[in-house]
Every structure is written in C-alpha cells, then in structure tokens.
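The structure under discussion is supplied below as structure tokens; questions concerning it will follow.
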Amino acid sequence: MSDDAQQFASDNYSGICPEAWAAMEEANRGHAAAYGEDAWTIRAADAFRSLFETPCQVFFAFNGTAANSLALASLCQSYHSVICAESAHVETDECGAPEFFSNGSKLLTVRTASGKLTPEAIRATATNRTDIHFPKPRVVTITQPTETGQVYGLAEIRAVSAVCRELGLSLHMDGARFANACASLGCSPAEMTWQAGIDVLCFGGTKNGMHAGEAVLFFDAGLAEDFGYRCKQAGQLASKMRFLAAPWVGMLETGAWLTHARNANACARGFAAAIAELPGVELMFPVEANGVFLRMPPERMEALRERGWRFYTFIGGGARFMFAWDADPARIAALVRDLRAGAHHRGA
Amino acid sequence: MSDDAQQFASDNYSGICPEAWAAMEEANRGHAAAYGEDAWTIRAADAFRSLFETPCQVFFAFNGTAANSLALASLCQSYHSVICAESAHVETDECGAPEFFSNGSKLLTVRTASGKLTPEAIRATATNRTDIHFPKPRVVTITQPTETGQVYGLAEIRAVSAVCRELGLSLHMDGARFANACASLGCSPAEMTWQAGIDVLCFGGTKNGMHAGEAVLFFDAGLAEDFGYRCKQAGQLASKMRFLAAPWVGMLETGAWLTHARNANACARGFAAAIAELPGVELMFPVEANGVFLRMPPERMEALRERGWRFYTFIGGGARFMFAWDADPARIAALVRDLRAGAHHRGA
Amino acid sequence: MSDDAQQFASDNYSGICPEAWAAMEEANRGHAAAYGEDAWTIRAADAFRSLFETPCQVFFAFNGTAANSLALASLCQSYHSVICAESAHVETDECGAPEFFSNGSKLLTVRTASGKLTPEAIRATATNRTDIHFPKPRVVTITQPTETGQVYGLAEIRAVSAVCRELGLSLHMDGARFANACASLGCSPAEMTWQAGIDVLCFGGTKNGMHAGEAVLFFDAGLAEDFGYRCKQAGQLASKMRFLAAPWVGMLETGAWLTHARNANACARGFAAAIAELPGVELMFPVEANGVFLRMPPERMEALRERGWRFYTFIGGGARFMFAWDADPARIAALVRDLRAGAHHRGA
Amino acid sequence: MSDDAQQFASDNYSGICPEAWAAMEEANRGHAAAYGEDAWTIRAADAFRSLFETPCQVFFAFNGTAANSLALASLCQSYHSVICAESAHVETDECGAPEFFSNGSKLLTVRTASGKLTPEAIRATATNRTDIHFPKPRVVTITQPTETGQVYGLAEIRAVSAVCRELGLSLHMDGARFANACASLGCSPAEMTWQAGIDVLCFGGTKNGMHAGEAVLFFDAGLAEDFGYRCKQAGQLASKMRFLAAPWVGMLETGAWLTHARNANACARGFAAAIAELPGVELMFPVEANGVFLRMPPERMEALRERGWRFYTFIGGGARFMFAWDADPARIAALVRDLRAGAHHRGA
C-alpha cells in the first residue's frame, strides 16, 4: 500500500501543490536580490494586502512554530502571559517555543467544553491574578480552526475580541489552517480577522500546499515595529526569500489557497458522512474543517493499521484523520471500505 | 541590463541549481511522513556521513543564521563566551542571533592581520580574563572561507584546534561557503573538519545552489545530545522536511556541491586575473574562494553602477564581487570590459 | 492594633533574628574583600558543609525566586521541562522566573491528592510525552514543606529520588522553609537531602530569620560547574557578600536556624490545637510545619479583619495563618480569642 | 597590616555607614508587610522623589549588575543594541548580564580619547549600520563617573542627550557612584539627570555606604510600565523589602549620601596631590571622583604589595586606588609614605 496509506495521517504529509510549484519554477530564473528585496516578495505581500482588503504589514517565516512564537513575543514581554486553550498547538506541540522566543512568557491554559476560548473563560483567567507574583496577561491566542477541527464563528471571534479590548489584551490568531476556516465559514479573510478584531494573524502555507512558509500579518502597523529585526535575529529571514514568497503568489493570485482548502474540507465532511451510521465508530468532534476524529475500539484501530493505514491517536485516544489539500476521494472510499470491513468482521 | 547586472552582488542572489531542483521535484511525489521521519531525510543524512567518512550526527536548519546560532548555543551556556574574528558573520551580520539563541553568550572579537583566527590570538583572548566578572570562553568559531574570501589551510585549522583542546574550548566551523573552501584546498571534507579537530560544522547549502538550508554536523555525538529538541523549540524543524533534505541528496549524491563550488572559485580567480594589471584597481585580499574585493576610486565604482552593475561596499570601502555556483563567464567578461572602459575613460 | 495584627499574614513579615543581626554587626568592622573573597563567606560555606556533613558546593543568592530559578536552570536546557506540583511556588508565585532564567523551560504541573509529588505522578508525567514536539522532562522539584505546610517524610523523598534516578531526572528541593521541615521531621539535614537522593537544595534564610538570602547547595559537584558565573550574570553576586554570608554564620553556628524553626512549628501546632474544637472552623491541611489553613465562613473572616487581623486567602479560599521564627504565643492567644468570639457571636 | 591594607583596593570593600545601619536597626522592629508594601519602602521612594525634585518612579534592586541590566532591558528589545563606552562596566565586568536580561541585546562599544561618550561618537555608532542584519541602536548608557573616575559635566550630558533625542535613542545613566559625581560637580541630582535629559538612572547605594542595593529611577513614567513585574521575574524583588529600603532612608534623609561621597572624593584628590611630584609615579587620568589610577614601574607596585597594600591593575596596567565613603586620611598618609619610600629606595 506504500506511501498512500499514510495519506490521512497528517495534512503536512502532503506535497507541494501545482500552483506553488509553478511559481517557484518561475522564480527560479536568473538572479534576484536577497533578504526580501526582490520582486516576488513585494508581490506576495501585495497579494496578501489585496486578499485582506487592508494595508497590513506582512512578514514571511519558515514555519508555524516560528511564526506564532515571533508574533506572540512581539505582543508581550517575558513577564507577561498568554491566554490560550488547553489544547492549543502552542501549548502542546511547540516544545516550549513561545516561552523560548519570548524569553519566558507563560502560557495560561484554559479548558472549555467546546475547546474554544470564550469571553467568560478569558475574563476569568485574565482577572484571576493581578498581583506582581504572577505574569500579567497581555495576549490571547485563538487557533482557527482548533486542533480538533472546530471553527470559531464570526460572532464568536467578535465576542472574544470585545473582551480583549476591554481588558487591554492583544488578540492573535494561529491560522495554521486559516484557509480551511475561511472555506468553512464562507466569509472573507477580512471579515474573519481585522474586521472581527484580530490584531495579528499567522496564515499557514505549509498545510495549504506549500513546501514551507507562514505569513505573519499585522493589522495594526504599530505592533509591527521592528518586527523584521525580530525575524532576522531569530533565524527566520530567508536569504533567497523569493522561494518563500513566490509560492504565496502562486497560491493567492490563482485562488488555489481557497480551492485546496475547500477540497480538504469537503473530503473531511464526506468521510464523516460515510462513516456516520457505522456501528462502533463515533465522531468525537463536529467536523467543521479538514480533520475527523473518531472514537472506536482498539481492535478496530489495529485492524486499520494492519491494512497499512496510518493515523494519530494523541488526542483523547481517538483516531485522527486529516485531509490535505490533495486528499483523494478514491483513497477515502478505500478507507471507508476498510472501516466497514472492520465493523463487519467484528460483528461476525 | 536587468537582473543579470546584479549577478555578482551576492552569491545568494543566485537561484536553485538543477541537481537540487530535480531532487525536490522527485520528492514532491505522493505523501511522506513529516518532521524528518521520511526517507529523504535519512538519505540526506547518510549522504553526509558518506561524504565525511564518519558516522556524524546530522541536523537540517532553514538558514545559516539559525544553524550557526543553534550550534554555538549547544556548545556553551549564557555566561560563556565565543571567540571569533572581528569580521565574522556571526558578529557583523546576524543581528545578535548568537546572543539571542544562547540567551546572552558574549562574542569576543579578535582582530588579526590576516582576518583569520590564530592560535596566539585565541590563547591571548581566552586567557585575558579568568575572573567571574567576565564570560568564560568556551567556544571558538572560525569562518571557512572567511568573509573576505581567505581559506584556512589544513595546518592552520589543526593549529587552531590544538590550542582549543589545550584550553578546553570547543571548535565550530561556520561553513556558509564550505564547498568553496573544499574546492579551494582540494582536500576531503573529512580532512578539513573532524580529522583537523573541528567539533561541529555548519555546512551551507543556500549559496551552494539550494533554495534554502544548512546542515549542522556534530562529529562528537555527545555534543549533539537533545539537539533535535533545540531545533524544534527554536522554530527550525521543518514539517515537510523532505523539501529541505531532498536538495541535499541532489547536491551530494551527484557531486554538484563540489562542481558548483569549483566553478564559482574559478570565476573569481579568472576575474581577479583579468583585472590584475588594470591601473587604479587593486585587490584587497588574496582570492582563495569565490569572492573578489577591489579597491578603486569612487568614480570608478559610480561608473560601474551607472552601467547597472550591483556590488556591495561594506567591508573597508572596497567593492565586493561574489561569484555564485552559476557564475557566467560571459557576464564576467562584460564586467571586465566595463571596468577597463572606466579605466580608459578616467585616463582620458 | 498596629503592625502586630499582621504578624500571622506571612512569615516574611518578620524581621531579622538576633543571631543574624549580631553576625552582621560583627561583619561590619573594617574593610573586607568583595564578591565572596572574604572570610565570612568561607566561614558560612564551611558551616553548611559541616551541618550537612558533606563537602557540598555552596552559593549565596539574594532571594528564593533567584535561588530556585538559577538551580533549575542549571539542571536543564530551555527545551527541557521541570516537573512540579500544581501548587508549587515556582509555578504560582514567581512571575515566570524559572522560565526566564532558563530561557523557556516549561513547568509541567502535577495535581495529587496530597499536594505532594508521588513516584507514580512523576513517572506518568515524565513518560507521557516522549516526542520532539514537547519539552523533554529533565528535572523534578519538590517543595519541602509544601505551600500548604505538609512535609515529605524521608521515605517519600527516597521514593521520589528512586524514580528520578531511574528516569534520568535531577531532583531539586525548594527549601524556602527547609528549617521548618527539619524541625518537623526531627532528622538531620543530611538525611533529608543528599542521603535521600536530593541533587540540589535551596535553603531559605529569609523566612528563617535573615534580612535576605538563600543558599544553593549542590551535593553533586559536577552539577555546580561554572554556577558562580551563572549567579554573577543573573545579578545574584553580592559585592559586599559578607553581609549576605555573615547572617548564615550567625544562624548556623548558633543553631538558631533550628531553634527558630521549632518555635514557628510549635506555634502553628499550638494554634491548630487551640481552634480544633471550634465550631465552623475547619483545618484544611495537616499541620506539619509553620502554616495553618482554615476553612471558615466569610463573615468569620470579615470579623477577624475588622479586629485588625491580616491573613491571606489565596489557596482554596481558606484563611492562611503563618507563624514566623518569632511568633508570639501571647498574640496567638489573642487571635484564638477573637476567633472564638466570632464563633460565639455567630452562634448568638 | 591586616584588613586595613586593602582599604583602597575597592570602594565596595567598605562596610555599612552609620546612617544606613541605624535605619536598618529601626526597621527591624516588629513585623511589616513584604514585597515593598511597607512604610519604609514608601518613605525611601518619597525621599528619592524629594531629592530629585520630581515625581519619578522608583524601584529597588539588590545590586548594580541587576539594576543596570533591568533598566537597559526595559529600554530595548533583544534585536536592539546599546551604545556604551569601551570601558563601561556593563561591557567589561558584568559577565554578560545586560545580554542575559535583555535576551540578547548587543552592546556596541565606543572608544574615545577621554573614555566618555561624545555626541559625535554616538552619532557615528548609531548611524553606522541601519540594515536589518545588525541590531538597531535604541539606548545609550553613560557611566557617571566613568570607570576611571572622570565626571561628565552638565553640558556634556546635555549634548549627549540632545543627540539621543534626535536619533530616537533612550539615555540611561549608570550611577554606581552617582553620589561621587554629584559631589564632584556640586550640582543637584535633578540637574545631572532629568533636567539634562537622562531617562533612567541607576543610583548606587552599595559603594555609597549601604550593605547592598541600587535604586532605579524612571523620569519618564511611561518607560516604567510593568517594571515591577520585570524585577520580580528576574529575582530582584526582595520579600523583606524594608531592609533594602530603610538604608536609603537613612542615607537620603540625613544627607549622608553626599557627605560620604564628598569625603571619598576629597581623599582621592588629597592622595593625588600628595603624590603629584613623586618621581616615577604618574597620574593616568584626571581625578574627578573617588578613584586614582597611577602608572609606576612594576617593582614599585611589588614593593607596595610587599608592604601589604592591595590594589587592582586591570585597566591599562596601572594601579587603581579607590577611596570609599569611610576612607581614612591616616591610612592614606601611610600609603603615601610607602610610595615615597619606594621612590627613595629605587633612586638609591
């Protein structure tokens, strides 16, 4: 079954999409100025400004760990704290990167029923300790969509930003799968971000179809002051920047960023629908983006693995299936068949 | 004259070489495990071990700023210091990255006539202060070739490493243009590194023809302990690692790393020879790698710029011409002609 | 009621004990070498080695925040993590100091029924995540006594250290009230520390009767390498060190460290006994050191405050009464009277 | 000759002055709130505001390393740089503390003939590099008096602050011996600081006669935002703060800070005058504060040391004699006699 069997293990197992590839190919003609002084970088930044309908400040980082950590570090000092969901990637899977980039800012984790931050939870956490012995809350970060694939609605984001404004907190959005959230809500990038009160967005390109790369967008220019220096010092300024910028041009100018996300989401929904009635298999979370988490008996998981399927089980013991920009309906059908077979076999 | 006019401004203005490109293309088939768990990453690491004839530990970082800073940070603590040449890139052009990654390790800069560190200079610096009020020297870093294009000979490296061993200092090599140094000396990578006493090498891929990427090689496995965690926390673990690893496979397995470096060096030597007798133009440093630094009257520089040529003048006021992996003899000839014309014009 | 009313708010509201004061006075004669090169510093370090019956490495820091943070930072790197109880002071009341001193080491908090770390809890936390995306556990820190006044028995410490040894974790003891724990267990400092497997101890002087100062004791000399540099760089090397060292001489050579702790503990026990039968007032935790936590109705607390008594209510909503080295039985009797009066009044 | 022989080795070899001692003694009565919530801390801060004739923000740190490093860190980010004299204590004797507290801010050192920073030197350094590859200058720090005992005149400070304003740089004064500078110039603290354009001052108490302690004064309240959290996180918030604050009350309210500094300065001048005509002994720097640096033949130094005198020779190979708040004219006379004897002996 080879590589394809791991197609749903993670959306970063996917390759480079044709649009990003073509742009890299075009960028690879002749020489060009380094460190972002080239035409591709300007064009990519302009493409973001056009897409977001606002003259935002745009920076390019190599990956999400760095993009999120740099953004958070720019919004607070080491003695401040960052409020995030208990399951936020910055807390669970960045090996302490936010603490490292910020020289010690503490993450204050919040547990909610939905996995999303709520105004009430933010308020409770931000006002719980106001003495000098505890890091002062200064930033809230929300993951859109969440690690388990739920999407904050526009009203939810606006409610979160309202409490942030009231309490003097900056609001950051970790958009490692931002395109999937846009595709899910059917709203514009502007509506989901600055129009809803987001200060800084990290827009993920890797899972969206690029070889690497995240964009950091500051909607408040003041917050971006000297951010270029911050990126450089932290090892996030590419010398041949055009190869980090051109793929964005390919993604944004063609609309591929959204087309691919729509395909990924549709595949997730389709898979969820296909297994909805399957006995012994249960959806753990609403499917609102490109991930499907299933609860099933260990022997069912084992049976799938024996047939070569790869998936993670790190959250709540369930099986996670992620659908990438190039998720293939035929492979999904095969996976569904094997899941059904497992059900049948088990029932027999 | 368009883009080509800036062909000699910097060797990182160049694009991706065919060998690296082909490997990326091949890597872009189907899905593959992320974070270095893929076959390309293993193959690239093996290629390094084969090339260096030793079972070294290999890590991949996005760029030289990060590779060097991570390596240095792994060799010392914040209250230690790093001895480097006054003109070392880590001191002059990394925006404080070594200090940031190490949380404060001080760089102790040394000025020597040749621009290279010498055993005497290292000893003097390392033993100058031994009280608790000054950061304790723990690491020496040499740049091979230096920023001005000189190459440490094997005997020089061995002499440096001998004094490091004696004084309890680790020895790091910043090899942003390591291939050019190998091509220049005609020695094996092993001879220039671990056989000469180098503990950790940063081998630069970007200037050698890749889109991005540096390899960090630990010849002493003990020094590499938990280095993977360090990379991850610092935002230097690529999720789609294969696109950072595959180009290395392309470069190393085909020998392109050396072929390209030889071309770059030959172009530099050729250019230097061509202008050797030119009145009013003077070589500032011996040409041992792929850079040529010229001292000439400001009006000569201006004349070149008017004809569209781009070059930097940041070191000692001279004009720097860098020859990339794909440096084009025809363009060099054109540059020489324009330099001659300037001489003629001036003499007229 | 003046200042005395706040006598039980915190044991660091107390002043300098006579033994410490006398030593400072004696140290304040003539000139002496700075930065620990003086006779008092040597004598204080020797007093620790004598008291602990082992040639440990001794360093002096200004306060507990620094002592604990420096010790933890010396035991791990930024990409490592530190296992501590959920209620540990390093987690709840140091404003992110451990993260700052270590440049980002994450604290992994553990909740247990007793508030003490257990071998099981340590093992579960240390083995929960072993992938590169999560900071690798390297240190365990226990607070002796805990924030709520419980004391780890020798067998408990040995069990904790056994699992640490097995899992390759260093073991640190935050002994902000170490003397109280010794007085409580009636064991020797050696038995409670290195003989039980503690690697590094922070021994608190401030609450024990000094104006300021904590000692950091390394029982494994290898772990103390260059620790003096670390203290200096972090602003914890006193120039007139004798005034940080002499009080320790006063405390240790006279035995005051233990006498004072015994008095504090006895006062806590006495208070707890006096209110044991009081209706509406309930002990929240076993009284094993110098703190007593009471659960009582809000109006009872309010009544006490109206009579001028000061106490904190930060843990679990209970009222915390701390008994310092100079706790005064007459004042305790007055407090008990007022508590009884409140009970009476309420019952009326 | 005992301890007294080292009386001139360093002004921090001195003890606690009577005024500071008396205040500590008075503060050591009864209990008081911790962490600066006590009456002594308020009174000390008020004494500073009164002395400086302005409602400045006042913070207390344990020592100069921390005070200066915290102040500098509050004025810049890790990717910024700090301009200082080549001989500045923050550069030469803090073991990398400024880099540690700021997480990597680079110190840009300037060499001038006088050892003082000049507007020209600041401008040249601040404008030398303006590209993203070099840390952006944001702060200037001047040491008043300098390490070699020269005092910036008011006009000099104003000229420095003018160029700082123009270039957008903050201006910090390291006043480890601030009192000596005031005594030397005969001006008011206000004139030498905020009226001359200083943004933040570190006022040294240790060398002035305290057991420990430096005050950080922010003349621009905006710059002090959350500085208390910074101190706490960095281990510089004393729990029994009154013992760090009370000595300041003793020093400032009695005027002892100035009286002691005047004595120290007068002793230095007297010593310099006494040896002025001595053959073979030469003043290295103008004597404007409490330090005297002498150039003399090695055998003269050796002769002094044989007679028990202690002094440092770390700057330029000269012999440094420092005069503390309690410098004793009789001892100075003895030193002069021994210096003369050495001259005689040598001439014989």
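Lettered A, B, C and D in written order, each chain numbered from 1.
By our rule, contacts are C-beta pairs under 8 Å (C-beta built on N, C-alpha and C of every residue); 3 or more make two chains touch, one makes a residue touch a chain.
Note that this is a predicted model, so its numbers are computed, not measured.
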Maximum centroid distance from chain D, chain identifier (CA atoms)
A
A-B against B-C, pair bridged by the larger set of C-beta contacts:
A-B
Dist(centroid_CA(chain A), centroid_CA(chain B)) in Å evaluates to 34
If you average the Cα atoms of chain B and of chain C to get two centres, how far apart are those centres in Å?
51
Counting only residues that touch at least two other chains, what does the list for chain D look like?
78-79, 94-97, 100-101, 103-104, 132-133, 135, 229, 232-233, 237
Contacting residues of chain C [partner chain A, same complex]:
78-79, 81, 92-97, 99-106, 132-135
Can you list the residues on chain C that touch chain D in the complex?
2-4, 6-7, 9-10, 12-16, 21, 24, 27-34, 61-66, 69-70, 94-97, 100-101, 103, 206-207, 211-212, 229, 232-240, 243-244, 324
Which of the residues in chain A come into contact with chain D in the complex?
35, 77-80, 103-104, 132-133, 135-136, 226, 228-230, 232-233, 237
